[in-house]
Each structure stands twice: as C-alpha cells, then as structure tokens.
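Before anything else, here is the set of structures, which you'll find just below.
Okay, so chain A shows up in both of these, paired with chain B first and chain C after.
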Partner chain A sequence: MRLALKELRRRPGRFTVATIILTLIAILLMFLGGLLDGLIASSTGAIRAQAADAIVYSDTAQASFVRSRIEPDVRAEVEGVGGVTEVGGIGNVQLGARVPGNGPRDLASVALFGYELAPDGVPEPPPYGQAWADETIKASGVEEGMTIEVGPARTPIEIVGFVSDTNFNGQSSLWASPDTWRDALAANRPDAQLGPGVFQALVVRGDDSDLTTAIDEATGGATDSYTIDGAVAAIPGVTEQQNTFNQIIGVTVAIALVVIGLFFALLTVERTSLYGVLKAIGAKSSTIFGGLVVQAVVVTGIAAAIAGALVVVLDLVIPPGSIPLLVTPGRIIVSVVLLLAAAVLGCTFSLRRVLRIDPASAIGTTS
Partner chain B sequence: MTATTVGTALEMSDVRKVYTMGDGSEVVALDHATLTLGHDEMVALVGPSGSGKTTLCSIAGGILSATQGRIVVGGEDISDHDAKELTKFRQNKVGFVFQSVNLVPFLTARENLLVVDELGRRIGAPARERADQLLEELGLADRAKNLPSQLSGGQRQRVAIGRALMNDPALVLFDEPTSALDTKLGEQVMELIQNEMKSRDIAAVVVTHDERITHYCDRSVHIVDGRLEA
Partner chain C sequence: MFLAFKEMARAKVRFALLIASIALLVFLILFQQSLQNGLITGFIGAIREQNAPVLVYSVDGQRVLQGSVITPRMEAQVRAAPGVGDVGPIGQGTFTGQPSGGSDGDTFDTTLIGYELGPDGGGIGAPTNLVEGRLPTADDEAVVSDADVRLGFGIGETVTLLPGGKQIAVVGVAEDAQLNVAPTLFVSYETYLDAIRSVNPDAGTPLPNVLGVVPAAGSTPDEVVASINEQSLELDALTRDDAAAKTPGVAQVQQSFNIIFLLYGLVVPCVTGLFFLIVTFQKANSLTLLRAIGAPAGRLVSSLLIQVVFIIGVGLLVGALLYFPVSQQTLGGIPLRFETAAVVFWSVLLLSLGVLSSLFAARRVLRIDPIEATTGQGVGA
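Up next is the complex of A and B:
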C-alpha cells in the first residue's frame, strides 16, 4: 500500500490523464445530480413545505390541484375524522406575471397559492391583494413592495416579503390569502373558478399514524389522500424526472467504472514485469491488487474533490432562478461514494491479470 | 520437515520439471537434477539458452514448483509447498538478483531495499538499520536517496544485491548478473558478489552462459537439455 502511495506521489504524471477524465466525469455526475435535485426541489417545494400529515384531493384528481375540488361538506367529513386536529384549505393557479420594468412579453411564471394553514417558513396569510413570494422570483426583477400583475386579467398582487424553497412545478410560488387566490382564479381562469368555501385540496394535521386511510374511508371514497412524501411523489412529472435523471446518472457511473477499469488494466499490463519481480521477492497478489485499489481510490478521491469544489463554485456563481441547480452536501457525498465504488469495482477488471502474473516471469523460464 | 544435512544451503534431489504443451505433448525442462550447495558455496550454473538453468534456479528459489523430486533450502523442504507457502518462503529464505536488475523505478536505493521488509515481515526499525548497513557495505551510502535512474549500471546492480541480502537469506540466486554489463564492470560485479557472499556465509547460484566469470565461483555445474553435468 505504501508502495502504491509512493508511486502516486512521485509519478503524478502517470495518473494525470486519468485524474482529468475522472474529474470531468465527476463534474458531470454532480452537475446532473444537482440539476435533478434542483428540478425536483423547484417542482415540489410547495408540497414539501406543508407542515402537515396529509394532503387531501378529490377522488379523481390524481394528485393535481387543477383537477381537484373539495366541497365544504367533504371538508366537514374530513374535520370529523378521529385523530384530525387541524384542516386548512389550499388552492393553486399557475399564471404569467407582469413585472414592473420588464417588457410586456417578459413574464415571470408564478404559482399563486391561497392557503389557510401556513407551510413551514411561510408566515400567516397576508391581507387581501398581497402575497409572500418565493425568493427565486427575484431573478425576474421582483423586489419587496413591488406590485406585479398576474394572468391575462392583470390581477395586482403586492409582494410583501420573500420565502424560500417553496416553488411548485418549476415556477416561483406566491402565497396569498384564500380570497386573493380565489378572485385571481376567477378573473384569470373563469372556467375553473370556485365558489366560497370550496378549495382544491385540504392540508390536514393530526395525530393518527394512518390518517390518509381514515380520511378516505370517512368520505366514502370522495377523497384521495396522501402523506406529504406521497403527495410529492404523486406530483405529475416528478417520478418521470427522477427516473430519467437517475438513468443518466447510472450511465455516467458506468462510464466512470469503465474508464477506471481500462486505465488500471493498462497500467497492470505495463507493470507486468515489475509485479513479477515483486511477486518473486515475496509480494502476495492481494498486496499488489490492494495497491491498485488504493491508487484508484486516491485518484478518484482527488478527482471527486476537485469536481465537488468546482460544482460548489458553479452553484455560487449561477444566479438563483436561472437554472434549477441545487448543490447539496448529500448529493456530493452520494456522488463521491458512487465514484469510489466504481473505482473499486473498476479495479476488479485487473484482478485476474494480477493473479495470473507469474513470478517466474521475472527471470524467465526458457533458459 | 524432513531432516537435512547440516551445513547445506540447497539440496535438490532427482528434480524434474515437465511442461505439458497445448497439444498434450510434454517438454522436459529439468531432468532428474541433483545438486547440493554448502552454506557458503558459490556455484556457477552454466549452459546455453534453453538448457534449463533458469528453470533450475526458479525451482530452487521457490518461484516454480517441481513436477517431481525433493528441494530443501536453508533447512526448509519446499517440495510440497503450495503457492502461499512458497510466497512466505521467498520472503524469508531466498534472495534474487535478476538479469535486468529490475529495481522499482520510483523508489530510492534505500527504499528498494526496504521493499523486501514491506512485502514480508515488516520488522520496521531493524529493517531500516539493515538497509543502511547494507548500503554502507556496498559503498552506496551516499546514493541511498537516489532513484535507480540516477544510478550507474554497476550501482543499480549493487542495489539489487543489497535487496537480495535484506532478508538474510540462506541462498541467493543470480540470474545472468553480468549480461547487461561490459567486461570490466562485469568483473567488478562478480568480485563484489564473491566478496559479499563469502563474507556473509551465504550460498549462491550464479546462472550464466559466460564461461569467463565462472572462476569467481567455487565450482561450475553445466546443464544441457535439462540434465546437470558436473
């Protein structure tokens, strides 16, 4: 092992090409992971932020706000379920917003929520005509105290402050009172307007571990209830995005594995004579293979560290809201673990060759 | 362990090595070879290419297993050793000096000696002391921190000899130690080998096809077509 580390220290040039290639692969891996996390975060923030135990849609809504209607009588049934402690209505409409100072076609995409129970990080509903905005809307030039106009009806909404990580379907969220939302919905989506007391969904807090089943039973199947995690996964497109990105990430890890495998296989071929000598003077195959693994892990670790630092810098220089990149320590750690696993696995390509190196090759067997 | 003659470094009795070829035919590389070396004896093993001298050397050094026969080195019968036991045997009982020297290119002269300890017993400080002492005795103390590429051919050969002596072996096997050197340097290296082996009471087999260096050894053994001829 010390021998392997000494070679790395004294002959870094031999490993430079592999390190550069692995760094590029690691950057790609972490960037893809960051994009996935960013996309998912910007699609699901509004649901993840709900400080609740269940989200209740109507039975045919398929976890879509647009398709869901909860009438007051259904709400009353939900409120009567044992273990339910608080119920709040919630609704959403996705619109384009005109921002003062921007061109008439330069619209900011917003998801306007009307809510009764405040999500995590969001204050209580502001007065009529006002809203809290997700900070990503700043990228569109929105500032605190500014009044934006949403939808074709140009409904004015004054921004009274900013919240974070509450986006929905990739759009900046606005958090307003139920009346503000209901009127904006009626003015801009007349076909989808809802009467007083009607919401698209309910946010439920309670102390029963199996609240969702109890709610759906109590409403006689008129509702389709989800835990928060379930509601996040059920948002249309989220699972598909995750699957697609995870497949790309999987292919990237496979490429890393092949690169490491080929590089160290070539190195092993090149070192056959040296390994033969080492075996002749008493090196075990496991010692030689262990050295290869150590070198692969160190090279990959260096590549991953450089890539991690570069991706963090990239995250800092990219303006919020421009591209959905979310770099988290968790994602970087997962990427590093995947790359290290690929490094160890890649080395196994060389295991058979190492085992087959005959110490007799050090002195030849023909004379 | 089988009892052996006291004072012998190597006993090979009726040793055969047969290779089976791809078409099922057999090639006898070593044919009923019997050879005994005293504890400080130097033997030149002389023969043309393909005569079996390296095969004999490899079997004596525990690198190859014999098809048949008995091999005892430094009192240890290695005839039936498996690969793991042979690895341990090579770590402890035998030293090698290879034809092309084969030092580890990225290690200094001192570290090339210490490789033996790192791959084997890992005794640490005593090994470092021994390495320093060997380098001193081989006239390489001032070259201890040099890489092989910074050493002359003769100096590299001396480092290789030092490496072969690191584990205090009962037997050192030299594979064509002068083949890559000019005549003058070859003679110097043979003098060095002779001095080092005799002063340390270590037996040596010097594989060569060069009759000019055999006089540095106590005796010569010729090998032709796998058969030893005294």
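Up next is the complex of A and C:
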C-alpha cells in the first residue's frame, strides 16, 4: 500500500489524465443529481412542508389542486372519520406578480396558497391581504413589508415575512388566509373560482395508520387521498423525472467503472514485470491488488473533491431562475460513494491479471 | 493495417473495454438528445404546430397559455393595432380525461385547446400537420396529438371529461401537437367553454387565454408583434416560433442538456486519448524496434489512427444499436424518436475529437529515434 501511495506521490503525471476524466464524470454525476434535486425541490416544496398525515383531493383530480373541489359536505364526512384529529382546507392559484421597482413586463411567478393548517416552517395564516412568501422570491426584488400585485386583477398582497423550501411547480409560494386566496382566485381566474366553503383539497392530521384508505371509504370514493410522500410522488412528472435521471446516473456510474477498469488494466499490463519481481521477493497478490485499489480510490477521491468544488462554484455562478440546480452535501456524498464503489469494482478487471503473474517471470526480464 | 488489427486481436479485453466505454457514452448522449427533443416537443409542440403566426398573451400570463387572460379591453387594443388582420380567441385548460380506447378506465391529465372553428375546422389556432382523419367541424369533436393515440385517444374514440361527464369525439390526429407532455385535444372554442362549465359549476365565464393573430396583407409577423406590443404594456405578442421557444422551462431544459452534452462530449476524446497514449508507452520498445528494422514512422502512425477510427467507429455503432430500441419507447409520457441527424452529428464530432486526441500518441510515435533500439531507450524515455 505504501508503495502504491509512493508511486502516486512520485509520478503524479501518470495519473493526471485519468484524474481529469474521472473529474469530468464526477461533475456529470453531481450535476445530474443536482439537477434532479433542484427540479424535485422546486416542484414539491409546498407539499413536503405539510405537517399532516394525508392530503385529500376529489376523486377525479389526479392529485392536481386546480382540478380538485372539496365541497363542505365531503369535508364534514372526512372530519367524521375515526382517527382524524384535524382537518384544514387548502388551495392555490398560480399567477404573475408585479413587484414595485421592477419593469412593467418583469413579473415574478408565484403560487398563492390559502391554508387553514400551517405547514412546517410557515406561521399561522396572516390577516386578510397579507402573505408569507418563500424566500426564493427575494431574487425578484421582493422585500418584507412590500406590497406586490398578483394576477391581471392586480390583487394587492403585502409580504409579512419569509419561509423556506415551500415552492410549488417551480414557482415561489405565497401563504395567505383562505379568504385572501379565494378572492384572488375569483378576481384573477373566474373560470376556476370556488364557492364559499369549497376548497381544492384538505390537509388531514390523525392517528390512524391507514388514514387515506379510511377517508376514501368514508366518502364513498368521492375523494382521492394520499400520504404526504404519496402526494409528492403523484405530482405529474415527479416520478418520471426521478426514474429517468436515476437511470442516466446509473449508466454514468457504469461508464466510470469501465473507465477506471480500463485505466488500471492498462497500468497493470505495463507493470506486469515489476509485479513479477515483487512477487519473486515475497509480495502477495492481495498486497499488489490492494495497492491498485488504493491508487484507484485516491485518484477517484481527488477527482471527486475537485468535481465537488467545481459543482459548488457552478451552483453559485448560475443565476437564480435559470437552471434549477440544487447542490446538497447529501447528493455530493452519494455521488462520491458511487464513484468510489465504481473505482473498487473497476479494479477487479485487473485482479485476474495480477493473480496470473508468475514470480518466475521476474527472472530474465529487463525492466 | 495488418499490424493494427493483429494487435487488437491479441489484446481483446483492453480494446473491448474501450469500445464498451465509448459505446455507453454514445448511447447516453443519443438517448439524452432524444429525451431533450421529445421533452420540448411534448411540452410546446401544440404551440409550434398551430396555424396562428402571432400569439398574443397578457403580460401576467408570463408566456404560459393557461396563465394568460385576455380582457375585452386588451382584445380591442390588439384588433386596433396596425398590421393586424384576422384575430381569434384561443383558450386552454387542463382536465381529467378518460378515453374510451384506454384500458381499465384509465384517466389522464388532458389538455384542451379551444379555437373558433372556420370553414372545414381550420380556424385561427387549428393544428397544422394533420396526419389522419379531419379537423373538427362541429362542437364536441377533437383532433389529438399522434403521441396520444397509443393511450386510447384514437380516431373514433370518445374522451369523457371528469367530473361532469362531457364527451368529445376524436376525429383527427395531428403530428407533434402535444402541450405540457399530456394528451392534447384541439376543439371548438364553445367545446372548451362547455368543458370548463361541466367540471366546475362555480366557474364564471372564462376569457380567452391568448389571441391568435394573422397579419394583414403586406405585414410580416415580426411587424405585427412590434405593432401590438406598442399598444399596451399589458400585451405580450410573440411570433409562433418565439412563443414556443420562450415558454417558461424550454430554455432551462436546453441549457441543462447543453451542459450535460458538453461534459459527455469531453469524456469521449479524453478516454480515447488516454488509452492510446498509455498503449503507445507500453509498446515503446516494440515501436522502436520496428523503426530500427525499417518501418516508416508514417506506417506506425497510420496503424495507430486505423485503430482509433476502428475503435471509435465500433463504439459509435454499438452505441447507436443500443440507442435504436430505446428510441422507439415512450418514457414517462414522452415519446422518444430515433434522431438520425443527432447520430450523424455526434458520430462526426466524436470521431474527429477522438482522432484529434490520439495525435498526442501519434506525436510520441513520430519522436521515436531508431538508434534508441541499440541503447534500450524508446518512446517512453
């Protein structure tokens, strides 16, 4: 092992190109992962933030707020389900917001939520005409105390504070009272307005382990209930995005494995006679193979460290609102672990060759 | 050439690994190219494939069809703008649709695009590229996008909107006319209004989402766009191509994929260059000996280049073969397509970059001095 590390120290040039290739692959892995995380986070924050056990839509809504309608009588049925402790109405409308100081054509995209039960990190509903805003809206110049105008009806909403990680469909969320939301919906989207007491969905808290089934049975199938995780997965495109990106990431890891395998197989061929000498003076195959693994792990570790730093820089450089990149320590760690696993596995291509080296070959060789 | 192929035959594993890595990279690049094109076509195909040369959004709509609302005052401003010819309202909504041709009563997010029917169904906003059937000529008839047929939206089928139970008959199929990667029905404007009323009894009368504009004789779409936008800061007129390209999300998708393509594109020549450089180092003594017994440097270099072209060529072929069956699939509602132009483009680019990267190895070969055969030194010295 010391020999392997010594070679890395004394002849770093030999490993430079492999390190560059692995750095590119590591950047790819982290960028793809960051893109996936960014897409999912910006689409699902408002649902993930719900401090609840179930979200209830109407039966034909396909887990879409705008296509869901929960009438007061259905809500009463849900409230009567055994194990249900709290029920709150929720709804949203996606609009453009005019921000003071911005150009007349420079609008911010917002998803205005009306809510009764406060999500995690969001305070209780503010008074009429006010809203908590997701902090991502700051990129559009919105500040606390500012009044923005939403929708073609220019409904005024005063921003009273900021919350985090609550975006929905890639838009900054605003959290307001049900009345604020209902009036903004009617004024700006007359085709989607809802009557008094009607909500798009219900947020339910309870202590039944199978709350969603109990609710749907109690309403006679008039509702379509999801756990929070289920509601996140049911957002159109989320599962498809995750599957597609994970497949691409998987093939990229496979490429890393093949590249590492190729590189160290070539190095092993180059050193066959040297390994023969090492074996002749008593080195075990496991020691030689261990050295290869150490070199692969170190090279991969260096590449991953460079890539991690570059991806963080990329994240800082990309302007808000362009590429939805979200770089998290978790994603970087997962990428590094995958690459290191690929490095160790890649080295096994060389194992057979190392085992086949005959110490006798050391006799008579010139190098 | 004999030498090049003989060497590859003797070191199958090494060269096979290189081919495998190139093939996987090519496969990924081509697959993602199809994914990008499929995603964008599914996302904004209906805008690109409708017949209005100019679309007018409200600024509030932020270039999203469903988000835009055109008030009567805004419509009057558009009609009054110089260069404007015919104007037609276009409405768009998303519903839960159940096609009669679907299995087990499957329901889908279904987009309705309503436009005022003209003669033979060809009003402003009608789909342009009909591949089967006919345009709607009456209410409750629809043209669907070709990608939706496999979901049970074929001609002769009926789509039921839920709740409310409004039924729409499919009478035609248009190519690449999806919106929001969901089944898309082009219907009469009245059908669209009825659909909204049927699913939401509380709904007020919807206003048009956008206006389709045909320039008057002698005016170009660009001139009409400028003319309309001068009327009001609340109007956002765009040519058809701009409306498609500037839909939120399209540019981000393209930027993201461009970064991914750049990185994959860099890996291929790096891997190829590294491989042949190492192999050249390993063959140092043999190459020196060959030079010493009279082999010209050009022959050794051409042998190297033959290997490079062969390896990348096989990698491209295997990658394209892997890509072919995948490109016939539908991924999460996105129909993929075999992109011949992409295959040709990436083949030429990767082959060129691969050959370029192998020039480092070729340079080493050219620097061999035959005299070193007598001193024990070679290209690796």
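By definition in this document, the second predicted complex is superposed on the first by the 350 of 367 C-alpha atoms of A that agree within 3 Å, B and C clash if a C-alpha of one lies under 4 Å from a C-alpha of the other, contacts with A are read in each partner's own complex, and residues count from 1 in each chain.
Methods note: a residue touches a chain if its C-beta (ideal position, glycine included) is under 8 Å from a C-beta of that chain, and two chains touch if they have at least 3 such contacts.
Values in this document were obtained by computation on a predicted structure and should not be read as measured data.
Novice: Consider chain A as the common anchor and indicate whether chain B and chain C clash or fit when overlaid.
Specialist: They fit: once the shared chain is superposed, the two partners occupy separate space.
Novice: Give one of first, second, both or neither to describe whether A:Thr287 is in contact with chain B, with chain C, with both, or with none.
Specialist: Only chain B is touched by A:Thr287; chain C is not.
Novice: Quick check for you: in the superposed arrangement, does A:Leu35 touch first (chain B), second (chain C), both or neither?
Specialist: Second partner only.
Novice: Angle at chain A, chain B to chain C, CA centres, as a multiple of 10°?
Specialist: Taking chain A as the apex, chain B and chain C sit 90 degrees apart.
Novice: With both complexes overlaid on chain A, does A:Lys6 touch chain B (first), chain C (second), both or neither?
Specialist: first
Novice: With both complexes superposed on chain A, which partner does A:Leu95 reach: first (chain B), second (chain C), both or neither?
Specialist: Touch partner of A:Leu95: chain C, not chain B.
Novice: Should A:Val277 be classified as contacting the first partner (chain B), the second (chain C), both, or neither?
Specialist: In the superposed model, A:Val277 contacts chain B only, not chain C.
Novice: In the overlay, work out which of chain B or chain C sits against more residues of chain A.
Specialist: C
Novice: Across all Cα pairs of chain B and chain C, what is the smallest distance in the superposition, given in whole Å?
Specialist: Between chain B and chain C, the minimum C-alpha distance equals 10 Å.
Novice: Following superposition on chain A, which residues of chain A contact chain B and also contact chain C?
Specialist: Correct list for chain A: 366.
Novice: If you look only at chain B, which of its residues touch chain A in the complex?
Specialist: 29, 47, 49-55, 57-58, 61, 63-64, 84, 87-88, 90-92, 95-96, 98-99, 102, 104-107, 111, 115-116, 118-120, 163, 167, 175, 207, 209
Novice: For the complex, which residues does chain C have touching chain A?
Specialist: By the definition above, chain C touches chain A via 13-14, 17-18, 20-21, 24-25, 27-28, 31-32, 35, 58-62, 67, 69, 71, 93-96, 107-109, 162-163, 181-182, 196, 199-200, 202-207, 233-234, 236, 248-249, 251-252, 255-256, 259-260, 263-264, 266-267, 270-271, 273-275, 277-279, 281-282, 331-334, 376.
Novice: Under the stated contact criterion, what part of chain A meets chain C in this complex?
Specialist: It is residues 17-18, 20-21, 24-25, 27-28, 31-32, 35, 58-62, 64, 66-67, 69, 94-96, 104-105, 107, 109, 151-152, 170, 186, 188-195, 198, 236-237, 239-241, 243-244, 248, 251-252, 254-255, 258-259, 261-263, 265-267, 269-270, 322-324, 349, 366 of chain A that touch chain C.
Novice: Any idea which chain A residues touch chain B in the complex?
Specialist: Going through chain A, the ones touching chain B are 2-3, 6-7, 10-11, 273-274, 277-284, 287, 359-360, 362-367.
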